[in-house]
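What follows is a single structure, written as structure tokens, with notes after it.
Chains here go by letter, A, B, C and D, matching the order in which they are written, and residues are numbered from 1 within each.
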Amino acid sequence: MERLRSILGPLARPITSVPLARHLVVALIAFVVAMAVIGASSQYLQTRYAEMAYFAIAAGGLTLLTGLSGQLSLGHGALMAVGAYAATLVLDRTGGETLADVFVALLVAIAVCALVGVVVGVPAARLHGPYIAGATLTLAVAVPRLANQWHVLGGEQGLQVPVPRAAELPAWIQDLVWFFTAVEIDQYSFLAYLGWLLLALTFVALANLSRSRVGRRWRAVRDDDVSAELAGIHLGRARVVAFTVSAMAAGLAGGLMAMNVRLTAPGAFTITLSLTLLAAVVLGGLGSLPGALIGAGVLAFLPHFATDLGESAGLSATQAAEVTPVVYGLVLMLVILLAPAGIVGSLRSLVSRASRTSSLASALGSTKEKTT
Amino acid sequence: MQQFLDTTLGGLVLGAVYAAFALALCLIWRSTRIVNFAQAAMAMVTTYIALSLLNADVPYWLAFLAALAAGFGLGAVIERVIIRPVEGKAELNAVILTLGLFMVLHGLTAITFGVQHRGFPAPVSTNAISVGDTSIGITPFGILTIVVVALVMAGLVVLFRFTDLGLRMRAAAFNGEVSRLLGVRVGRMLTLGWALAAAVGAVAGMLIAGGDLVNPAFMDPFVIYGFIAAVLGGLDSPLGSVIGGLILGLSLSYVTGYVGEHLAPLVALGILMVVLLVRPSGLFSAAAARRV
Amino acid sequence: MFAVEDLSAAYGPVKALNGVTFTASRGQVTAVLGANGAGKTTLLRTVSGLVRSTRGTVKLDGKDITRTATEKLTSYGLSHVPEGRGVIAELTVVENLRLGGLHRATASEPMPIERIFELFPRLGERRDATAHQLSGGERQMLVIGRALMARPTVLLLDEPSLGLAPRVVAQIFDLLRGLVQSEELTVVLVEQNARSALSIADHGVVLNLGKVVASAPAAELAADEQLRHAYLGF
Amino acid sequence: MRNTARRAVQVVCVLTTASLLAACGAGKERPSEDGSAVGVTDTTIKIGAHFPLTGPAAPGYSEIPSGHEAFYEYVNDAGGVHGRDIEMVVKDDAYNPTNTSAVTNDMILQDEIFAMVSGLGTPTHRAVVQRLNDDGIPDLFVSSGSLQWGDDPGKSPMTFGWQTDYEIEGKIIGQYVKENMPDAKVGLFLQDDDFGEDGEKGTREFLDSQIVDVQKYTPGGSTDFSPQMSSFKSKGVDLVIGFNTPSYTALSQIAAQGVGFKSKWFYSNVGSDPALVGGLLASMTKGKIPAEQGVKLMDGMMTTEYLSGVDAPDDEWVKLWQKVWDNYSKKGSEKLTNYRIYGMAQAYTLVQALQANGKDLTRESIVKTIEEEGSSFEGPGLAPFRFSADSHLGISGMSVVEIKNGASEPLTPVLVTDIGDAPIEEDDSAASDAPPSSGIPE
């Protein structure tokens, strides 16, 4: 737990006014710490860390979209599905044995999702509030069902995903990992390292984007679309770009998820997955990357904890499994009712009361309250 | 031809249930400008309450009324305790809140009643009606479904058009502040709106459950289909909701019957996007263009 | 008798009303005047409880109604007529009027809708139109008629002349004057259009930046050229 | 602001160093890669299985693990197998392949099971076969009749089927229909995965020209099958052969009545339990018929059978199951069902294999034992196992029966065959096997 906190430490600092170099340094330190933690963990924990990584990538994209551009997407489960299927189909063709196969598959997943992001983002940019929620929710239900339409997607039982064996990895990677962690790399730790490496890179990219001119435009659009438009910002375009970036993150996450689950099937991409992602970003605080990481940690570790808790409270195994969604739902409700800025936002405003103007809180803030 | 007739009749029955559900969403939208994404879960809860009573050998129609009453109470409590704080706030808040409520109700029902699939009886036969030698694709329960939905709609029309209570509710929904100045207890009316909506949702739950297996997820498709039916009709217009429900029911029935069930959500998405992008105020809304 | 004492209210850190005191007598029209932003509308909203007062009291026939819930005021005989847009646009004329009669001053008989149509024959002609189809003048008649349905003793009127042609304003003010006499009403008339308001008012109160700067018989105010130039704009 | 940032960086550096040091020290304790010892101690053997305890396939199938557990208790009470007690970990996958993958991961890495035993479902188990074989974990007696468990031991050397596979079930059904109902217009009602595909393959070997319509369903999708039944009706189908799970038998019956489609019905073994389906049908019907009368709704349906069930209380095996269930069921109030019998029969085969393996148990040795001795295991199955180095397929035959009053009346003797063009032959030899008096295989 101490170690986990040390990973979160650097990211939890306000990202304001930090240049690219510092983002990279922070990410590098975080990744080294992550490697140390992963190397010292059991195979079981390694699978959890790998899961946390891909949830964090997806949540990072989603939190940027909702927190910075103000668009709510409940369709990110569907985008993860697209990424997962794209990566799986590539791995299936190439055999997926080598590292290069893995990266090609992930790049294809990102590219396909970028495309889908544009296609979905254009109409979505014209919607708001409950309408975009309903539309993206429908997307989340509809897209995975396409697997039943085309035989190449494997139907309900899905497609198996080949995963690189540790022995097939280049020697220098095996040596490097051994040097750092004093443990031989195997397929479980490999997936965890891969996940956290890509997570670090994704967060650096997203953090820079959100500090850039593009990010400022998104915030302007979120806070007041009319003024933003008057200031010459092309509303639709800004929203579509935000949606596309976030879709690419979801695609990468989907590709990683496929490799970890070793199966890509429609049953993985339920409404619950999309709602769960939403719970993660709302919990962490909309717009906050460290918040997304915390949320992803909850997603990866809570189910087992909550199920155990439920069982020790006398619930049957199947009942105890329902404790987790209840917790997610309560998180969504309580955060909205009590702390709309999420964990990170609330901590931050506790730490510095002065930063009343924190743009994070206003993502969910009561901008609509009128005083006249 | 026979299959077309059967599919059409099946679509009408399904559409009637969507209509009832869309009507419930519409009632809530009109009163609080909130799309209640927890509506399906609320209806699922009330259906389970009815199922528990049925399994305790309570007569069907008594259980039906109990579901209605439970829906009424549940809707009132939820509006008063959970929704009130976000009324009039940023619209994302309400969306996220109702989605959270959806998950909580879902999980709690599963914990309380179990997640098994359980049979749910129908009050009348679910066997096709025969005319002479050929049977037609509608059952007494299907006819009952349409009749009950029609009665609910008629009841709502009477309430809103011809009673003082209905007038107060409409006024409170349209203009809360002015209504308060005229002495209308607006908070109470909004609570009542949610309560009524949840009761209508409970009816939809009972109708869809009859002669089928239920589990805590059985109403989930309504989260999207109910929403789409309501948007199709314009969200603001009760009549539009009903027509939207029927159109959606028929469309999905044809898709399922002639193309494949797995494409139903995709077709629904297509219908939704076309309506939102081409005719944003819905097919039947009299009001001026809305912002979607 | 309707009395406001030391009434104050604020929007956040901004004081909108600062110790306003005046009384309005039965059978009289009391005009509250002042420039845009002087606090006139806030005064009415605070009296009705739509804005929470920070200090002071509102009394109706000696009874303190400062903290009374907005919804209850009609039953005490106080009707607040919001400006002309305050019709419920989605309801018909008849429905708007019916709504006005639902919550009446305690123990009073319901007012027949036909009586309102006698006062405002134009509304009778359009009884089944929805309110958003009405013209500005018709809307103003509707909100006044709707308030009368509650059989009030005190009528708070917010900018009845806003956006109306002078001919229509004159017509409405004539009607109002007549009503005050026939129904023994206490009328508090908030107006930016000071000239017209003073023409029918018995008494005038001038607000500036949330404070009362003058309170005198209407004729006196109309005669005070300096005051007129400074605060009333005519 | 800058100060806070700098302090944060300092803190991070310290923590990083600390955790790196901690990490280097902690790198030793790795689970042994030498698989033989995992899950086995001198006194215990830990096995695991995934079942649909929830979801659309749960009715019926969720009862199977309780049969397993009761039989293991029974064996453990009698001293276990070579001194070892059998412990079973059961995880719910809700019949969702993605969940199966997740819970299997947990069972392998967290519970550290010795073997997967009787994991249930075609689409679900398919998701983890590769994984189990890659990791060298025995994957015994899968609760599904799909061919892929056993037709290619070279590809999945650790995996074994158990029940009669769907292809030979399809063949036996196909031959029966061809001989007895040559004019029937056949409609196939299939689960949309390998389960339905295998069944269709076997059926088409005999009935290709008689099949006029094929309708599929997705588990977990819609529960309204009116469109499918309308299609059967419009194509004049008068015999439906269903390869589906039990809930879908009930739902297809309801839908058929709803659209007024009348037909003969032939459900494959896995979807036809009269007590369960009858109970479901009764609960969905007008006025809620008592569950016991629900079985009447199944009268006249045909199905297949490879194990004796509760409708044959005088069968020696059923007597054994009843005795074990009465004494060792965790929830004493629940009745013995055919699903619990199925679980106990699988457990019996596992105990048989462990006994035959001897005291020295490794993951490799158990596989070898079953390949070498499995075909001679005498057990409750009406036909012998086909286990060998070339085939990991299970029971080799079944009989066709008709359901009357909740009981099955044989329409054919036990028919034995194999996949492909192997001939179908009558063979009652295994049907007369009887359990040892102890009830525990030696």
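Here is the rule we use: a residue touches a chain if its C-beta (ideal position, glycine included) is under 8 Å from a C-beta of that chain, and two chains touch if they have at least 3 such contacts.
None of the values given here were measured: they were computed from a predicted structure.
Chemist: Any idea whether B-D or A-B has more C-beta pairs in contact?
Modeler: Pair with the higher count of C-beta contacts: A-B.
Chemist: Considering only mean CA positions as chain centres, point out the chain farthest from subunit C.
Modeler: It is D.
Chemist: Which chain is most central here if centres come from C-alpha coordinates alone?
Modeler: That would be chain B.
Chemist: What is the distance in Å between the mean C-alpha positions of subunit C and subunit D?
Modeler: Chain centres of subunit C and subunit D, defined by C-alpha means, are spaced 79 Å apart.
Chemist: What's the distance between the Cα centroids of subunit B and subunit D, rounded to whole Å?
Modeler: Chain centroid spacing, subunit B to subunit D, equals 39 Å.
Chemist: Between subunit A and subunit B, what is the gap in Å from one C-alpha centre to the other?
Modeler: Chain centres of subunit A and subunit B, defined by C-alpha means, are spaced 33 Å apart.
Chemist: Taking the mean of the CA coordinates per chain, how far is subunit A from subunit D in Å?
Modeler: 36
Chemist: If I count partner chains per residue in subunit A, which residues reach a count of at least 2?
Modeler: Residues 148, 318.
Chemist: Two or more other chains touching the same residue: where does that happen in subunit D?
Modeler: Each of 54, 218 in subunit D touches at least two other chains.
Chemist: For subunit B, what residues touch not just one other chain but two or more?
Modeler: 115, 221, 262, 264
Chemist: Spell out the part of subunit B that touches subunit D in their complex, as residue ranges.
Modeler: Residue positions touching the partner: 2-3, 6-7, 10, 14, 54, 60, 115-130, 134-137, 139, 141-142, 211-213, 215, 218, 221, 253, 256-257, 261-262, 264.
Chemist: Subunit B touches which residues of subunit D in the complex?
Modeler: 54-56, 58-59, 62, 217-218, 221-224, 226-227, 230-231, 233-234, 247, 250-251, 254, 257-261, 279-288
Chemist: Help me check something: in the complex, which residues belonging to subunit A touch subunit D?
Modeler: Contacts found on subunit A: 2-3, 5-6, 9-10, 12-14, 17-18, 26, 29, 32-33, 36-37, 39-40, 42-44, 47, 148, 155-158, 160, 181-183, 188, 261-263, 265, 267-268, 317-318, 321.
Chemist: Could you list, by residue number, the parts of subunit B that touch subunit C in their complex?
Modeler: 164, 167-168, 170-171, 174-175, 177-186
Chemist: Using the touch rule from the top, collect the residues of subunit D that touch subunit A in their complex.
Modeler: Per the touch definition, subunit D meets subunit A at residues 1, 4-5, 8-9, 11-13, 15-16, 18-20, 22-24, 26-27, 30-31, 53-54, 90-92, 96-99, 101-102, 105-106, 109-110, 122-124, 126-128, 130-131, 192-194, 218-220.
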